[in-house]
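The first chain written gets the first letter, and so on, giving A, B, C and D; residue counts start at 1 in each chain.
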Amino acid sequence: MSAGASDSAVGVELVSHFATVEQQKHAAVLGMWAWLLTELLLFAGLFLTALVLRIIHPEAVQEAARHLKFWIGATNTVVLIGSSLTMSGAIQLSRLGWQRGMVRFMLATAALGTLFLVLKGYEYYADYQEHMMPFLSDRPYELKDSPPSRLFVNLYYVATGLHGLHLMTGITILLVMTWQASRAGFLTRHQNRIEIFGLYWHFIDLIWILAFPTLYVLNR
Amino acid sequence: MNPTDLALRLWPAAASATAVETDWLILAFTVLTLLLTVPVFVAITWFAIRYRQGEPADRSHTGTRSMLIEISWMLIPFLLTLIFFVWGARLFFISKQVPGDAMVVEAIGRQWMWKFQHPTGQSEINDLHLPIGQPIKIRMISQDVIHNLYLPALRMQMATLPDRYTEMWFKADRTGTYRLYCSEYCGTDHSKMDGTLTLMTQADYAAWLQNAGAQQGGQAGAGRVVYESYACGACHDPGATVRAPSLAGLYGREVKLADGRTITADETYLRDKILNPNRQKLAADYKQVMPAFRNVIPPDDLDRLVAYLKSTGATAQQEAKP
Amino acid sequence: MFGTHDERRILWRHMREPVLTAGALLAMLGINVALGATLPFPHVWIVELIVAGAMVVTILLFSMEVRHDPPLVKLFACIGFFWVGILFTMTLVDYLSRG
Amino acid sequence: MTSGTITDGPALRDPHTPDSRIGHGADYLHAEHTLRSWFFTTDHKRIALLYLASITAFFVIGAVTAGLVRLALVVPDGQVFTNDTYNKLFTIHGVVMVWFFLIPSIPATFGNFLIPLMIGARDLAFPKLNLASWYVFMTGALFTLASVVLGGVDTGWTFYTPLSTAFSNTWVVPALIGVTIVGFSSILTGLNFVVTIHTMRAPGMTWFRLPIFVWTHYATSLIFLLATPVITVALVLLIAERAFHIGVFDPAYGGDPVLFQHLFWFYSHPAVYIMVLPGMGVISEIVPAFAQKKLFGYKFVAYAAIGLASVTFFVWGHHMFVNGQSDFASLAFSVLSFAVAVPSAVKVYNWTATIHKGSLKLDTPMLYAMGYIGLFVLGGLTGLYLATLAINQHVHATYFVVAHFHYIMVGGTVLAFLGGLHFWWPKITGRMYIEAWGRISAFLIFIGFNVTFFPQFILGYLGMPRRYHVYPPEFQFLNILSSAGSTILAVGYIFPMVYLVYSIWFGKRAPANPWDARGLEWTVSSPPPAHNFVTEPVAPKVPYDYPIQAQETGRHHS
């Protein structure tokens, strides 16, 4: 047997309150884009805060940014770009109707996403070791001579934490969908779910592409 | 004139040229507002009567160009209101350009009191005495949350921020007693963070500084504010939920301590008890619950607080003697 | 997996664009990481910002396939960035003009 | 793409619908009866009623706290409550009224109920998401109510840091979490409306055949989507700062509390238009219906809705003229604020021109609409006073501001909400209320409102700061007047609650179109069938095709 192409056609099942499948697909795409708008503005608030901190306390922010784990951040960016590639692969195969290959690509995507979180967790652990958690009352802060640096470090935790939360949500949805998609007939009824989820996944990637330079690179 | 003189006032007193011009600005703006709205109200009422269903009326429409109407009733009010933008902006920027010869008064906002310090060193709490005919710059900062110093008679206010200095300046030209407020909500006693602004002639101001009303009679009064701002009364006032000794009449009295000694409550005793009450000289029948105020209360506040406690002591003794 | 020659050919035809996109993203990331690690000249952040912007555009147009989307979706993709622009510009008007 | 050009759709027929199209079969209220059929419904009409019930409850909470605030202010020396209690009361009033009543009020009820009917769709694009948004709303409400039950919160609805993060000793975190969660409900509703209006319009229902109500809800939804996330993140930063000491605004370390205000007002100024635009939509439906005349300048009003939703994002700094932002920024925000007046003015003049040479019926909804026009104009123009830098320097954070935004929010949104409620009540419930009672309530509310809030303009100009429990005695007379007015207002609010509820059981049955109004929602039976349209809905060739057609075409009609 080949890559798992099923005999039945790829398609979307019509839900009753829509008139046509085209309308239904269009609505789904538009709905996801509307959601992504809100995600962008959510993170924009954090990026703006980073920029303002940089403007009012340039030295302190630079000092704090130098303590971030630049190479873990860079590696994590590579991991996310890789996960975007596998997600694109899953979308391409879903269009071809190659269900088994698609499922493998989806599992790979989830694995890469998890790898990102593991690396992120390790980074937090290293931060902890290096006394870069100013909010812990029982652990003296490394840069205690530069009070404003705390603000940037705090922002780093909120921004990466919120991004991690989005990634975790994404991985959960992806795994549930992989389980559904591994059953026969999924692609004949719900192919567009893969595409819609792909938009979300790529956008989480996009946010990180912005967060990495904002937090790690620009302030060095 | 006393601000409480009139039961119903419809216009606030103005004590500077800027305040008077602000009044003219708002009056002129109100005239424009009426010009723009009264015709609408009249028209609505008139149409509602004239074109009631069943009333015989001409309801035919000529082919007027709606485009022209739409653009004109958008643009004309906009351009008219822009006059007021320019006027308001001009006044605002004048009130931001501090003259070089301005007298600088420092202001500190704190939950829930104002402290003002004159250039000659005298300071006062909640009340502010200032000369007229002289540009005055108030340079201010907050010690905790955001406050806002509001002087309605001068049509001025400015936030006091915890992280940086802000300023406002004015040149008053009318003597009198006016109100000052904190206008940025700042917690429990926000509405008690007010006081009076006394504008006086330069001679009177100089005399006032000489007599240092701020330093002398004001000290105990200021201490009362300190007492309240540190919420001493939450435990020490009669009827407070936490049981703590009453402080009225304490000064100069004999106090029985928990270790059996008896001691006179002099100034040193009061200061020690405030700065470091930890178990030292604990009064009999009471538990040690009071927090230490060392490094919490600034020395000048402590002076005032002690002055206040001394004054309540004096009053109590006088009442007791005759 | 993907046993036959035909299947590999089809697969490559469909995967060429995602692979090239990922390659381009990695290359741009490489530039940014190199700049960030070496800091070769002052104000290097301007170049880094431009490269990051190019990466974002690449993801939008290629990974998210906005290129092939109807005008309405293109508008939706742009409008968010425009609004971020409003937020940043008007806030910076304050911070950059504070005395 | 489905939007855009005006084309004649297929099979356009006379929009004056014959009775033959009026539905048979069970209407949406009687289609099912179990509790489950209400709490797990995906029918936009039933979800609208779930919202109506919840926001009415919140309105009652907000109104009672407002009444207690007015009661406290009868005496100047703060004898009625402790300062802390007073502070908690006005905070609860603000939080509940803004986030749990005004913002969801018209969109979540009438928007939910009417948008599918008006555009000829069977439901919103994402019915399950619609139900989810109600549950999200109720979850947020639960957190906020928890903070109230635990002992209240005293930061004011603006949650300014560092008061909210470091100094308040009340239940700030649950309140913040509640408001954050409610934001998601707004986002989901807005998302649903945007997608629905783009993709679900009936054949032939082009953009310029949509009622203004749909246009204003589209504009509102854009604000939901583009503004709400920014306050979400601002509140998340506050929660992190207060609960975990992960702070970015903390002045103790050199943070800038003014930055929070920027993020807060980037949402909260546009939020005013979340409250105002749907109200404008309601008025734009009521006025033509009761003048029996086409809305004047339809296209201008439609564009003005989108224009307002956009320019409103450029003006937030006028809340911060004296808060420590730069003078140059204040200048920029001031002039941009004046530009907002333009699209606002258009609407008022357009409604007036619509009445001109109409055939007027002064029924309850129309009375509310006329009250709305008057109060909204005053509210809007006093907003310009506040945008004027020198005036703002005096009246910022005084009762002038309080009066101004109550003219917008109560005079605007609440009157529009009540007008809409009376206008569509027959459609929603299938019953008629007693007209005379409706008229009395409209008069009472209009008079009570003005007696309550007009004195506050004077108080503000005299210099009485807002949020003052203890105030100088010279302000007592005007405060008593204001409190007296609020009792009239309260009676005016209680009236509709009584006679509308009464009408559900004892009211006359409503015909499909009791007002002889136009629009697809009036072509279905009252209450509408469970699936909205029994036969394929047909869009009218022009919107507002009332008997009296006005200028724009230049043609003469009867």
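The rule is simple: contacts are C-beta pairs under 8 Å (C-beta built on N, C-alpha and C of every residue); 3 or more make two chains touch, one makes a residue touch a chain.
Chain by chain, the UniProt names read as follows: A = Cytochrome oxidase subunit III; B = cytochrome-c oxidase; C = Oxidase; D = Cytochrome c oxidase subunit I.
Since we're looking at a predicted model, the values are computed, not measured.
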Of C-D and B-D, the pair with more C-beta contacts is B-D
Looking at C-alpha means, what's the farthest chain from subunit D? C
Please compute the C-alpha centroid of subunit B, do the same for subunit C, then give the distance between them in whole Å. 52
Just give me the whole-number Å value for how far the CA centre of subunit C lies from that of subunit D. 39
Mean-CA-position distance for subunit D and subunit A (Å): 35
Subunit C, residues touching no fewer than two other chains: 70, 72, 79-80, 83, 87, 91, 95
Out of subunit A, which residues touch more than one other chain, so two or more? 26, 30, 34, 37, 40-41, 44-45, 48, 52, 56
Write out all the pairs of touching chains, ordered by chain label. A-C, A-D, B-D, C-D
Subunit A contact footprint on subunit C (complex, rising order): 1-4, 7, 10-11, 14-15, 17-19, 21-22, 25-26, 29, 32-33, 35-37, 39, 45, 48-49, 52, 55-56, 59-60, 63-64, 69-70, 72-73, 76-77, 79-81, 83-84, 87-88, 91-92, 95-96
Would you tell me which residues of subunit D are touching subunit A in their complex? 2, 121-123, 125-127, 129, 187, 190-192, 194-196, 198-200, 225-230, 232-234, 236-237, 240-241, 244-250, 252-256, 259, 263
Subunit C-touching residues of subunit A, taken from the complex the two chains share: 2-3, 26, 29-30, 33-34, 36-37, 40-41, 44-45, 48, 51-52, 55-56, 70, 74, 77-78, 81-82, 84-85, 88-89, 92-93, 95-96, 100-101, 104, 198-199, 202-203, 205-206, 209-210, 212-213, 216-218, 220
Subunit B residues within the subunit D interface of the complex: 3-12, 18, 21-22, 25-26, 29, 33, 36-37, 40-41, 43-44, 47-48, 51-53, 57-66, 69-70, 73-75, 77-78, 81-82, 84-85, 87-93, 95-96, 111, 144-146, 148, 150, 152-153, 155-159, 161-164, 166, 179, 181-192, 194
Mind pulling up the subunit D residues that touch subunit C in the complex? 1-3, 198, 226, 230, 258-259, 262, 266, 313-314, 316-317, 325-329, 332-333
